[in-house]
């Protein structure tokens, strides 16, 4: 019973739990519902990944209608892998949120927060699992609407303008995707991704298909905050409640990266996108500019959440860089970084949220002297920060390692050098915060006895993520195997440019 | 002439889309931005519906003696998309109401000045 | 059958005539209240005539019922809307042309 | 003939859109947006998309316009002149527009019956759906059965909109509802007429709900129309009266119930051994099963949409009324 | 019969165009509303007539929705003017 429906359950569980959570309406109970549903989704997605690794592809025809007439859910190693990252982070964030939102969100809105979180999770899972281009748009909008709500729940008024900007940009992005999908549909007459991939090749040089591709790429780039379309991300991440930022930073943009991978490799074919359209050059340039520009921006901000938000944009640059290398190793590096970045950014934002919980500010000055007052939180921050930098024995090192390997495979020495140089900038912006935490004194006007460790329920999820950072940094076989087979699978099922082979 | 007749619909739709898009990115007033967003989306819907039309066909509801129907699939997609559009509009407008309460204005350049950057 | 068609055509054309004249009145009349008059009166008569003309083309089925429903609906809502609009304009302080003239004269005579 | 009508309507649309760009009076902008929606719905009728036209008229011209007016009542009517340079937006728009025009050049010509969209997936819907699903309205068949998962997503989107609006604007509690008698109390004719119309409108909503299998309509449209009836009531008689009939708390329970009803059908079909939302499993006879399934999920959609639209309106109207009192 | 119906449709379209012009360029707010309202009622008639022209008169439901929405829009506008002064 369960095995038969494994592909639909990770979507269904949060989808059903969301209405229940709002009907219950009480903070504690809806938290229980949300956490259980999310944990369930995590367990199912774990099983799904195992099944996908052993079976290759799992197809599930919703409504019993065979594709392309009905909507198909199509699971392979790639999306099961990302889904695992999303559902695990979601579960940990929900555990963490219980205490964290007490300080940041009004009591009467807690049930709404959990409902929106569940809706967002359901939307993201739907995007990942669906095998239908239009269905993807619908789930994209579910997750986006829930995200706007989540961002605007904070008490600071600036979250409202951030959410509004996010809404306008996000809707433009979604509409662009809609236009693109419409053009593909117009030429091929189908919406099923696999069917699209089969029928699209007849029209490789068609102006309509190419325009469709361009619109989809721009739309997805807005959603994943690729430079220069990232303007919505820093304000949204800065002003959202901490638990929301931790969740969004580690999942929402990653799912958009996955959408980009799916469109490029499964639907259009790498051959067409990279070889004939020359998108690899564009993506590579944008990725490198993103890495440097946004890493630099991160070094000059005073709000720690903004620092980390810009760092996120830079890290997305690494993922896109991996894709743009058009090789199995490059794609694998991108996929690994999707997973790893979720681990590190989740931990970092949770630590920052913990600081906000005690100090009430996330300005860099507020970190002064916290190394002594909140040793566990700051230790977590330090370890995750080292991971962002890419220090060996952390997951960050693994991502960078594969990225550099991929660059060197193609003799792109300059590129490899640039990746390492980007890490140096990360040393600067993480280092500033660590300096404040460990080498500055607690300001005199602050009562030291009030600044102590955060509740256990916040520390445990944070440390689970930190330990995962280290565990997956040493025991690399799991992630590399999953990401590797995902990348290989994607490459086997796409038409390749001759150059890369 | 045939060429123009074949594409007239699409071109006007593109023009409408761009009119909406222009309002979204150029308007300073948030309500107008939302109106622009709606115009933009509605025009995209027209693109979809245009491609579903069959000349000489009729609405896809079965009647006796008719064999030529327009394509029902774009209609279904757009029904969903309209709902998505109104949902976004509702959330956007309520954000505007809150912004007005918090800042006292809904002009983008005015509330930008009221907070420090970011 | 032919007779019904002819009557129906006459009704339709008459309806369209009233509709057009109302539209012209919308531009030609001097002040708001006369324009309301032009719009609302022709709205009603055009609706009656056109829907009446269409009624004659149905074969007394569900469509007839729907047409009658539309007619009823328009007959109720259209004058109500015009009435409420004019009333609201009156309360809002809009004056008729004649009143405006009087006001102007008072203004000039006082000044 | 259809082509000429199409041409004229599109030209009117273009005019309206142009006018909206330059108008500074936001009230006029919203009015013209209402016209824009009406016109696009007319185009949808003309292009045979009757269900879409139904929805666009009810949602775009109805709900959206009312909500926009509600927002304007709170934020003011005038757009201030901006010092923004309009150069960059123009460039972006021209580039995008040029890309789109370039894209149209290889598009299949408008209306040709041998375009790819009419030759691949769709023929099965047109030829088989009356036999497989058993409904004359193919749009309903595709919407509710073949692409039922999309429609579940759509219902959830509506539900998330309600979550968002309630989170942002809040639900008014009964205790503070001591606002004075509101509504259009000066307009006696309007009050009588509204009282006369509302039952008719609700009756019509029920007709649309259950006739959607045979003609244009369905759960979504019915939900909007039913909500429109209550919106009319609230507009004419004031919110307190409307709250007495259907309170916001009740709606907050009703909205999720619709989603659960829809998903419940899917779960039940899983329990019966089919895939998620496989209505064939709901009864011995697949056609009957499809019929049961579609009726129930349409009901779910209708309930959610009704509850969500009305509670969104309540949220906006409460805000407006509160600010009016102050 | 068809030519008459076609002529009627075109004539109603013209009326709609005039009403639209009124709504776009109008001396007072009330004129604008009047134009919008007239536009609405004429669309109802247009849908009814074009349904007969196209041979699918069973879409009169849409005309009903139009009439309804048009009325509600009017009421909403009147209500709106309780909050803001209509004349600038």
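Chains: A, B, C, D and E, in written order; residue numbering restarts at 1 for each.
The working rule: a residue touches a chain if its C-beta (ideal position, glycine included) is under 8 Å from a C-beta of that chain, and two chains touch if they have at least 3 such contacts.
Given the structure is predicted, the values throughout are model-derived calculations rather than measurements.
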Item to complete: Would you identify the chain whose Cα-based centre sits farthest away from the centre of chain B?
Response: C
Discussion item. So using the touch definition from the top, which pair is joined by more C-beta contacts, B-E or A-B?
Written reply: A-B
Worksheet item: Rounded to the nearest whole Å, what is the centre-to-centre distance of chain C and chain E, using the mean of the C-alpha atoms as each centre?
Response: 11
Worksheet item: Taking each chain's centre as its mean C-alpha position, how far apart are chain D and chain E in Å?
Response: 20
Practice prompt. For chain A and chain C, let me know how many angstrom lie between their CA-based centres, rounded off.
Written response: 59
Item to complete: Round to the nearest whole Å and give the separation of the Cα centres of chain A and chain D.
Response: 31
Practice prompt. Find every residue in chain A that makes contact with two or more other chains and list them.
Written response: 134, 138, 141, 145, 148-149, 152, 179, 185-186, 191
Discussion item. Quick check on chain D: which residues sit in contact with 2+ other chains?
Written reply: 50, 70, 72, 76, 100, 104-105, 107-108, 115, 117-118, 121-122, 125, 147, 150, 153-154, 157, 160-161, 164, 168, 184, 187, 190, 197, 215-216
Fill in: Residues of chain E whose C-beta touches two or more other chains
33, 54, 58-59, 61, 64, 68, 71, 75, 78
Worksheet item: For this entry, which pairs of chains touch?
Response: A-B, A-D, B-D, B-E, C-D, C-E, D-E
Practice prompt. Note which residues of chain B are touching chain E in the complex, please.
Written response: 58-59, 61, 63
Fill in: Parts of chain E lying in touch with chain D, wherever the complex brings them together
6, 9-10, 13, 16-17, 20, 23-24, 29, 32-33, 36, 39-40, 43, 46-47, 50, 53-54, 58-59, 61-62, 64-66, 68-69, 71-73, 75-80, 82-84
Item to complete: Give every residue of chain D touching chain E within the complex, in rising order.
Response: 1-2, 4-5, 8-9, 12, 15-16, 19, 27-28, 31-32, 34-35, 38, 41-42, 45-46, 50, 53-54, 57-58, 61-62, 65-66, 69-70, 72-73, 76-77, 183-184, 187, 190, 194, 197, 201, 204, 208, 215-217, 221, 225, 228, 231-232, 235-236, 320, 323-324
Practice prompt. In the complex, go through chain B and note every residue touching chain A.
Written response: 17, 21, 24, 30, 33, 37, 40-41, 44, 47-48, 51, 73-74, 77, 80-81, 84, 87-88, 91-92, 95-96, 98-99, 102-103, 111-112, 115, 118
Worksheet item: Touching chain C in the complex: which residues of chain D?
Response: 184, 186-187, 189-190, 193, 196-197, 200
